[in-house]
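Next up: the structures, one after another.
Presented sequentially are two complexes of chain A, the first with chain B as partner and the second with chain C.
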Partner chain A sequence: MLKVDKLMVFYENALAINELSIHINEGEIVGIIGSNSAGKTTLMNTISGLLLDTKLKEQRKGGERITIFGSVSFIGNDITNTWADERVKMGIVLSRERHPVFVESDVKENLKIASYLSPKNKFKEMLSFVYDLFPALVPLRKRKAGFLSGGEQQMLAIGMSLMVKPKLLLLDEPLLGLAPTIQVKLIESIVKIRKETNVTILICEQFARPVLPIIDRGYVLENGMLALEGTGNELFNNPEIKAAYFGV
Partner chain B sequence: MKNRENYRKERIDRCIKARSDDIYALSSYKEMWYLIFPRVVPIIGIAILAYFLPLYWKKVVITTCIFAMLAVSWDFLSSCGLLSLGQALFFGIGSYTAGCLNHYFHFPIYLTIPIATICGGFISTILLLPVIRLRGIYFAMVTLILPLMLARGIEATHVFGGNEGITGLSPFPNVWVELTFIIAGMWAALFALRRFISSDYGLIFVSIRDNDRATMASGINIYAFKAQALFIGSSICAFCGAFMTHLYMFTGIPVFTMEFSILPIAASAIGGIGTLAGPLLGAFILVPLSEILREFGSLRVVFYGLVLVVCVVALPEGIFHYLSRKYNEMERWVRLE
Partner chain C sequence: MFVYGLINSAVLALMALGFNLTFGISGIANFAYGAIYVVAGFITWAFINHLNLPYAVSAILTIIIIGIFGALVYKFIIKRIRGLVISEVIATFGISIILLELLRFIGLIGFKYSLPVFIDGSVEILGVYVDIQRLFIIGLGILVIISLYVFTHHTKTGLAFRGIAQEEHTSLSLGINPDRIASLSMGMGSALGAFAAIVILPLGTITVDSGYDVLINALSVCIVGGLGSTFGVIIASFIIGYTQTITAMYLAPHWTMIVSLFAILVILVIKPSGLLGHQKELEERV
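== the complex of A and B ==
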C-alpha cells in the first residue's frame, strides 16, 4: 500500500534518514521502533508531506536547507512531491507527536474542524464512532481542549485524525508522556480502530514494550538507518531489542 | 550544468571563518583582515561619505545616523523581548529634557546632552515600569499610546512652550562637530550593544525573549532585567532626541511623531531583526532612499512602499543575515556516496 524507497533526508549537512526502504501492506499495523534522534518523526513528516512545507519555509527565510532523495508511493501513485493536504485527500492522515489540538476550541469543535474533508452527513456517524472508541471524551465534549490532560488530548488527537476516514493512519509517538495505565488503554483502542475500520496503521514509538505485541511487522531504526526488521513476535523475542528497549 | 541527480548542495563555513574564530586570528594578517574588513569598511565609508558630501547631504547623513541609532535601540529592546512601538516616546523625552535644561536653566550643550541621555532613559523607564510585566502586543500598545498622550498633554496644558515648543536653543559650533558627534555616537552604540548582548550578562536578556518562564524558573528576576534593558534602550533614543534638539535649536510636539517609532521598525525588518548591525544597514538604505525619492513628489510614498515590500518578500531574513551568510559560508555540490 505504502512504499518508501531509498529515502534520504538531510537537514543542512546532518543526515536524518539514510537509505531507508520500508513498505506497508493493506490492513497491517506496522511499528517503527527507535530511540531519540533515530529519525522517526522525520520519517512521519516525510510520509505525510509536512516536510515539504518545512522545506519551503526554511528555503524562503534562508535557514536550513532540507534535501530529500528517494521516493514515496501510495497505492501505486508516486507522492514524493505531493503536498500534505493532497495526501490527506488521498487518505494518509498523520496524528502528530505531542498531541497538538486546537486549544481554544472545545472537544466537539476540534472534531468538527478535523472532519472538514468528510461529507457533512457522515459527521454524526464518525462522531459517535470516536466517542465509542474513547468513552472518556464524552463527558468532556464542551471542555476547551487546552484544559484536557495529556492522555485526553492524545485521545482527541487520534480521534481527530480518524474523522476523515483515513486509509493509512500515521501515529507519531502516541504514548509520549502518558502513564503506563493510559498507555495500555490507548494501545487497546488502537487495536480496536483496526478491527472496526480496517484502516492500515503505522506507529512510531520509542516505548517498544507496549507496542510490539500488537504490531504485525516492525522496523527498528537507529540513527536514520534500518537496523532490524521482522514480525512483532520476532522483534519481541529478539535479545538485542530486549536489552536496548526493555532494559532487561 | 551537469546532471544533479545524485548531488546535494552542501553549506559549510569558509575555512578562513573557522580559522578566524581561533587563535590564528591573532597570528596572521589574512585572518585578521577577514575579521576587521566588514567592520572597518562601513566605518571608513560612512566617514568619507559624510565629510565630502555637499551640505544638504551632510544633513541627510546626520538624520540617517539618528534613525540608525533609533533602529539599533529598537532591535536591542526586541532582542530582550520588549516589543516597542514607542521609540518616539524615548526620543521625545530626551528632546524635551535637553530643551528645558538649556532654555530654563541655561545649561551648556556639553551638559544637556549627557544629562538628557541619562535622565531621558530614567524617566522613560519609570513611565513604563508599571507595564513592564506585559508582554508582546500589550506592551507595544502602551508604548504606542504614551507619546500621543504626552503630545496632547503638552498641547492642552501649554507647559514647555505648548504648541509652539521651545525655540532658540544653543546650536552646535558647526556642521563638522555635528557630523563627528553623531557618527561617533552611532558606532559607539552599535558596537557597545553588540559586545553587551554577547556577554554573559546580555545572555540573560536574550533568554528572556526566548522563554521568559524558563528564565524565571532559573531564579532570575526578569522584571529587574527588563527594566535595565529598557533603560539602556531608551537612553540611546534619548541621546538622539537631545542631539536633534540642539541640531534644530528647537523642541516641540513634533518630536513625538509616529515616524520616529515606525521607521526604526521598518529599517529593522529589511535589515534583519536580531543582528543590531542589520537595522543600522536598513536605516542607511531607507532614509537616503526617501530623500532621493523626494523628486517624485506624491508618488514618493508609493515607490518607498514598493521598495519595502520587495525587500521583505525577496529577503525575509533581512539583508544583513543574507550578507553575513554569503561572507561566512560557502556552498558546493557534493555527490552522494
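== the complex of A and C ==
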C-alpha cells in the first residue's frame, strides 16, 4: 500500500534518514521503533508531506536547508512531491507528535474542524464513532482542548485524524508523556480502531514494550538507518531489543 | 455625546474588523487596508457616476471586486514571502503607497467625490438629531459582527479559518490548505474593508489621505483590543471611540488622531498583548 524507497533526508549536512526502505501492506499495523533522534518524526513528516511545507518555509527564510532523496509511493502513485493536503485527500492522515490540538476550541469544535474534508451528513456518525472509541471525551465535550490532560489531548488528536476517514493512519509517538495505565488504554483503542474500520496503521514509538505485542511487523531505526526488521513477535523475543528497550 | 460616541465606536469597529480578520487568521498585517478602503470608495463612485449603475448594485460589485483583488494580492505577492513578517508588512505597505499616491497623481480630489447616503433624513434620539446614515453604521456594524461569529463557528470554511489560526501544521495534516485559507481570509478582510468604506464614506467626501487615517485607526483598535480577537476589537473601539469623541468635544477636533496613536503607546507599555490577546490568556492560566 505504502512504499518508501531508499529515502534520504538531510537537514543541512546532518543526515536524518539514511537509505531507508520500508513497505506497508493493506490492513497491517506496522511499528517503527527507535530511540530519540532515530529519525522517526522526520519519517512521519516525509510520509505525510508536512516536511515539504517545512522545507518551503525554511527556504523562504533562508534558514535550514532540507534535502530529500528517494521516493514515496502510495497505492501505486508516486507521491514524493505531492502536497500534504492532497495526500490527506488520498487517505494518508497523520496524528502529530505531542498531540497539538486546537487549544482555543472546545473538544467538539476540534472534531468539527477536523471533519473539514468529510461530507457534512457523515459528521454525526463519525462523531459518535469517536465518542464510542474514547468514552472519556464525552463528558469533556464543552471543555477547551487546552485544559485537557495529555492523555485526553492524545485521544482527541487520534479522534480528529479518524474524522477524515483515513486509509492509512500515521501515529507519531502516541504514547509520549502518558502514564502507563493510559498507555495501555490507548493501545487497546488502537487495536479497536483497526478492527472496526480496517484502516492500515503505522505507529512510531520509543516505548517498545506496549507497542510490540499489537503490531504485525516492525522496523527498528537507529540513527536514521534500518537496524532490524521482523514480525512483532520476533522483535519482542529478540535479545538485543530486550536489552535496548526493555532493560532486561 | 453618548450617541455620537456610540456612532464613532461603531465606525472604528467597522474599520478594524477587516484588518482584524486577516491578521487573526493568517497572521498577515494587511497594511494596504487603508488604500483598499479608499479605492473601494472611488470604485463605487465611478460605478454610480460613470456607468450609471444603481447604488446597491455598485456597492455589491465593489465589494466583490475588492474581495477578489485582496485574494489575488495574496496569491501573487504575499504567498512568496509568507511567514516573513517584516517582508509582509513592507510589501502590503508598498501596495498601499502605490495605490494611494496613484490616486493622488490622477487627481481625484474634490467635493464631488462623495457617495450618496442610503436614506436621507435624521431622527431625534436622547435629545440629539442623528442622521439615518449613522444609525445604519451602528446596525450594519452589529450585523457584521454577528455574521462573522456565525461564519467562524458554524460553517466548514469558518471552522477551517479558526483551525489555521491556531495550529497551522495540525490543520495541514487534516487536509486544510493554509494558502487557500489565507488567500480567502485576505479576500474577506479586504471585502470587509470595502463594505466599511461604502457604509462610512457617505458621511463625508472620499479623500486620498483618509486612507492613512483609516489604517492608523484600524491598527490602533486592533492593537489595543489584542490582535486577532474580535471581542477585543469591539471593546477597544468603544474605548477609543468615546475617548475621541470626548477629546473632540472638550479639546479640539484636530486632536482626535492623536488619541489612537497615544492608545497604541499606552497599551504597549501596560499590556503588550492587548486587552484580550487571547493566545496569551490560556498560557497564563495553565
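Note that in this section the second predicted complex is superposed on the first by the 248 of 248 C-alpha atoms of A that agree within 3 Å, B and C clash if a C-alpha of one lies under 4 Å from a C-alpha of the other, contacts with A are read in each partner's own complex, and residues count from 1 in each chain.
The criterion applied here is as follows: contacts are C-beta pairs under 8 Å (C-beta built on N, C-alpha and C of every residue); 3 or more make two chains touch, one makes a residue touch a chain.
All values derive from a computational prediction rather than experimental measurement.
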Fit-or-clash call for chain B and chain C when the two complexes are aligned on chain A: clash
Partner chain in contact with A:A114 - chain B first, chain C second, else both or neither: second
Which superposed partner A:C204 touches (first chain B, second chain C, both, neither): neither
Contacts of A:R60 with chain B and chain C, given as first, second, both or neither: both
More chain A residues in contact [chain B versus chain C]: C
Touching partner for A:F69 - first (chain B), second (chain C), both, neither: first
A:S161 touches, of chain B and chain C: first, second, both or neither? second
First, second, both or neither for A:M1, with chain B first and chain C second: neither
First, second, both or neither for A:F10, with chain B first and chain C second: first
Set intersection of chain A contacts, chain C complex versus chain B complex: 60-61
List of chain A residues in touch with chain C within their complex: 48, 50, 53, 57, 60-61, 83-85, 88-89, 93-96, 100-105, 109, 112-117, 120, 144, 146-147, 160-161, 163-164
In the complex with chain A, residue positions of chain C that touch it: 80-84, 153, 156, 159-160, 162-163, 166-167, 169-178, 278-279, 282, 286
Interfacial residue positions of chain A with respect to chain B in the complex: 8, 10, 12-13, 60-63, 65, 67, 69
Of all residues in chain B, those that touch chain A in their complex: 6, 8-12, 315-317, 321-322, 325, 336
